[in-house]
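So, here's a batch of structures to check.
In the two complexes that follow, chain A is the common piece, with chain B as its partner first and chain C second.
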Partner chain A sequence: MAWVRACATDEIDEEDVARFDQGDRTFAIYHSPEDAFYATDGLCTHQAIHLADGLVMDHTIECPKHNGRFDYRDGKALGAPVCVNLRTYPVKVEDGVVLVDVG
Partner chain B sequence: MAFTGTRRDYGLLGLDAKAAVENGLASAKWYSCPIGRKELKEFMRRSDGPALRDTALWFGLLAFSGGAGVALWGSWWAVLPFAVYGVLYGSASDSRWHECGHGTAFKTRWMNDVLYNVASFMVFREPTIWRWSHTRHHTDTVIVGLDPEFNVMRPADVLAILLNVFAFKNVVLGFKQLVLHASGRVDAEEATFIPDMERPKVFRTARIWLALFALVVLACVLTHSVLPAMLIGLPTMYGAWLQLLFGLTQHAGLDEDVLDHRLNSRTVMMNPVFRFLYWNMNYHIEHHMFPMVPYHALPRLHEVIKHDCPKPYPSLYAAFAEIIPAVLRQAKDPTYFVRRELPSRAKPLDLQPAGPGMVAAE
Partner chain C sequence: MVVVGAGEAGARAASALRERGYDGLVTLVGDEPHAPYERPPLSKAVMASDDEAPPVILDEGKLAAQRIAHLAGARATHIDRDARVLHLADGRDLPYAKLLIATGAGPRRLPVPGADGPHVLTLRTFADALALRARLVPGCRLTVVGGGFIGLEVAAAAAARDCAVTLVEAAPRILMRGVPTAVADRVARRHLAAGVDLRTGFGIAGLEARPNGVALLLVDGTQILSDAVVVGIGAVPETRLAEASGLAVENGVRVNAQLRTEDPNIFAAGDCCSFPHPLYGGRRIRLEAWRNAQNQGALAAANMLGGSEAYAAVPWFWSDQYDETLQVAGLSDEAVDTIERDLGAGRLFFCLAADGRLVAASGVGPNGVIARDIRLAEMMIARRACPDRVALASPSVKLKALLAA
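After this line comes the complex of A and B, so read on.
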């Protein structure tokens, strides 16, 4: 386990996403409509576009370049042009801080 | 005088495709006008309402004009309703195909998918093939050798453009590909942008479409009339002319191989009827820069970023006053293009706005 601080919970609006970089890795952190937090790889599996620039609708993240969609809870690709699932990471919230297990 | 110089290779497997990759033009970082994350989110917000209203109106007009055409069939008066029906069928379907392909017309995904497939048939673009082709068009817009959706290459082929006034070239080539796909194959260029897992869908759809066209022909034979084809199939051709006019405004005559949509795309002001038929794709710079913004929000987005963009064309007429001479000149001189002037206060190309929502690691 390698828990790292991604952001404060109030840094991401509900039903929105933010980018989190660590070293040469980039992640997307999601705040769901039910006030839960999730984390995935930060780049779309189709063409390496930052998903944090995309649109969160319910539990879906839409890539800003080609509108490919994933369920950010399990990383599932929801149809063309995305065919490869996103990797997801465990998340926990402690004292108003979002922690991601990037290990 | 015909062009006799060296031609660029617009094929997806040619020398210019290789050069574009080597020059860093493939899947590159594009210029984006500065806009705050919160404001952009508002523009990106999805809704079913506008597209449901517009789709009901579109199908209502199709039913009314098609019904009038059937009622008047046999007299010259039928020309009028079929002229309207043809434009609604063969031209307005282009923008519905496009917006639903992006998944931005409706909030509800299945609604996008249903209308996408219906509009694809009307405009005669195989849905899976063209979904992937359009994806590439957005990745590598007007990059020679990478963009499969050039509508005017250099030197400009004026005859090919004229043949598409009634979609003749598109339909002939489209049928050739349809038969190929129905036989269970894609060609080498298509193989560069369609993943293996999507191909069974291509083959299945091609077979269904061929069966539908066979049914239309059978209906014509059984009724001893071309009327069934006037309603399904032929309007793709006799109603295509407005789609061509709209489509040419997007990129024709402008620069190639530039990573800035402000220089290779046009925003053209249009009247409300054209904007209904074209679903606001006249805001083409805005669409390419922010493809997640639904068509109904593009006019508002335009107001926010216009200070950073070239002046929009005030009318379709103004756009064609530039496009026609430019394309005619490109038929002889493929080095010619219209250079768009950026406003003096526009951000320069090498300054990318910071990514929104950035959270630094500790």
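After this line comes the complex of A and C, so read on.
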């Protein structure tokens, strides 16, 4: 377990995404329409484009380059051009702060 | 199931047949020696790298796992539609239940004398890319004919490889098709900053071989000497198989909204076909675009398996040049008005039709700055939305809010 502070809860709008860097690793943090938070690897599994520049619709994140889509809750790749799932990370919220277990 | 053409549309269709549960034979016929590969990087990453292999979509492992029989280096010559057999040039015959024509497009040739000379290149295949890249050594004098996506990407790649680049475009400006003048101006400035000699409004009279290269002859009498000329003036649909098989061709293999030809067992998808688009009044269009090829391949596969889905996706194009991306959603033919939104590092342009409908949007800047908004604009175009003009111009109004409105 290695919980690290990613951001404040009010730094990401609902149904939106933000980038979080930790050392040489990069993550995408999501705020779902029902006010839950999720975290995945930051880069798309297709061509290493950062997902934080992508569009969140409901529970999917769409890569801003080639429109590969993932369910950000479990990282599941939702069809071509992406076929490799996205790694996800445990998230908890404490005192208005989003914490990610970066493992 | 037989798919002719192992590019983006064909490869996607073959995979989609399996994803949809089809369990019979799937044969993918391609005339190139490689496994199916991505073409967009040919004018981008492949030019910047030293890769000796193309960026593959379906490698041998994936082809085997999906039980797709890929016939490389195989050219289809004729479809015997009564017997439902595809004939290959090497004598093989492939019986089919349903057949997909995904033969793509080939580079348009310059209709002038000397256009087939030894130093005149085009870019469509990985072999073309290797031949061109081998020429791009520092100090090489390269002339690019055509200020569209391919020509501009090649110019950017050549400039990055320290070549002396001249780009000649016959039209009054670059990127005449599909983007507003302001976008073209920004792209042009970026090329000028990289040292590219941009010459717009010059017709080409011909090409002449010279002892140490080639001369491009302009209509006004100017001669441009270079080591090589790359011609990027568009593509023509590859329709020979369809024509040889008696299928209707109308700016590409003619298909209906379900991507079916007049033969109920034969479909077409991607750059090679023209289809009626419901967003543009059912007007018949043909697209040369990566995402269109993917989407049409997938949809054709569904319909080959008995579906009746109509293709209605918003056209979408992108180009990478230097550190900037250009994205275009929709077609701007109907546009009467353009509204600009300043995003700081990037800019968006919304094209509205006379009735206020958003018909196209383009964005230029770093990909991360423009991509999300172009995607939202694409959704508005699909919904035939008539967004408020003031809101469109205001960066403080989120497009997502306009989409929900």
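Note that the second predicted complex is superposed on the first by the 103 of 103 C-alpha atoms of A that agree within 3 Å, B and C clash if a C-alpha of one lies under 4 Å from a C-alpha of the other, contacts with A are read in each partner's own complex, and residues count from 1 in each chain.
Following the convention adopted for this analysis, a contact is a pair of C-beta atoms (placed from the backbone, for glycine too) under 8 Å apart; a residue touches a chain by one contact, two chains touch by 3 or more.
Every value quoted in this text rests on a predicted model; they were computed, and no experiment measured them.
Look at A:14: by the touch rule set out above, it reaches neither chain B nor chain C. By the touch criterion stated above, A:94 is placed in contact with neither chain B nor chain C. Using the contact criterion defined above for the overlaid structures, shared-chain residue A:4 touches chain B, although it does not reach chain C. Looking at the superposition, the partner that touches the larger set of chain A residues, chain B or chain C, turns out to be B. In the superposed model, A:23 makes contact with chain B only, not with chain C.
Judged by the touch definition given at the top, the superposed model places A:64 against both chain B and chain C. In the superposition on chain A, A:74 makes contact with neither chain B nor chain C. Shared interface residues of chain A, touching chain B in one complex and chain C in the other, are 50, 52-55, 62, 64-67, 80-81. Residues 12, 15-16, 19, 291, 294, 298, 318, 367-369, 371-372, 375-376, 400 of chain C touch chain A in their complex.
By the touch criterion given at the top, residues 15, 49-50, 52-55, 62, 64-67, 79-81 of chain A touch chain C in their complex. Residues 4-7, 11-12, 16-23, 29, 46-48, 50, 52-55, 57, 62, 64-67, 69, 78, 80-81, 83 of chain A are the ones that touch chain B when the two sit in their complex. Note for the complex: chain B touches chain A at residues 27, 41, 44, 46, 102-104, 107, 109, 128, 131-132, 135, 138-139, 195, 197-198, 290-292, 355-362.
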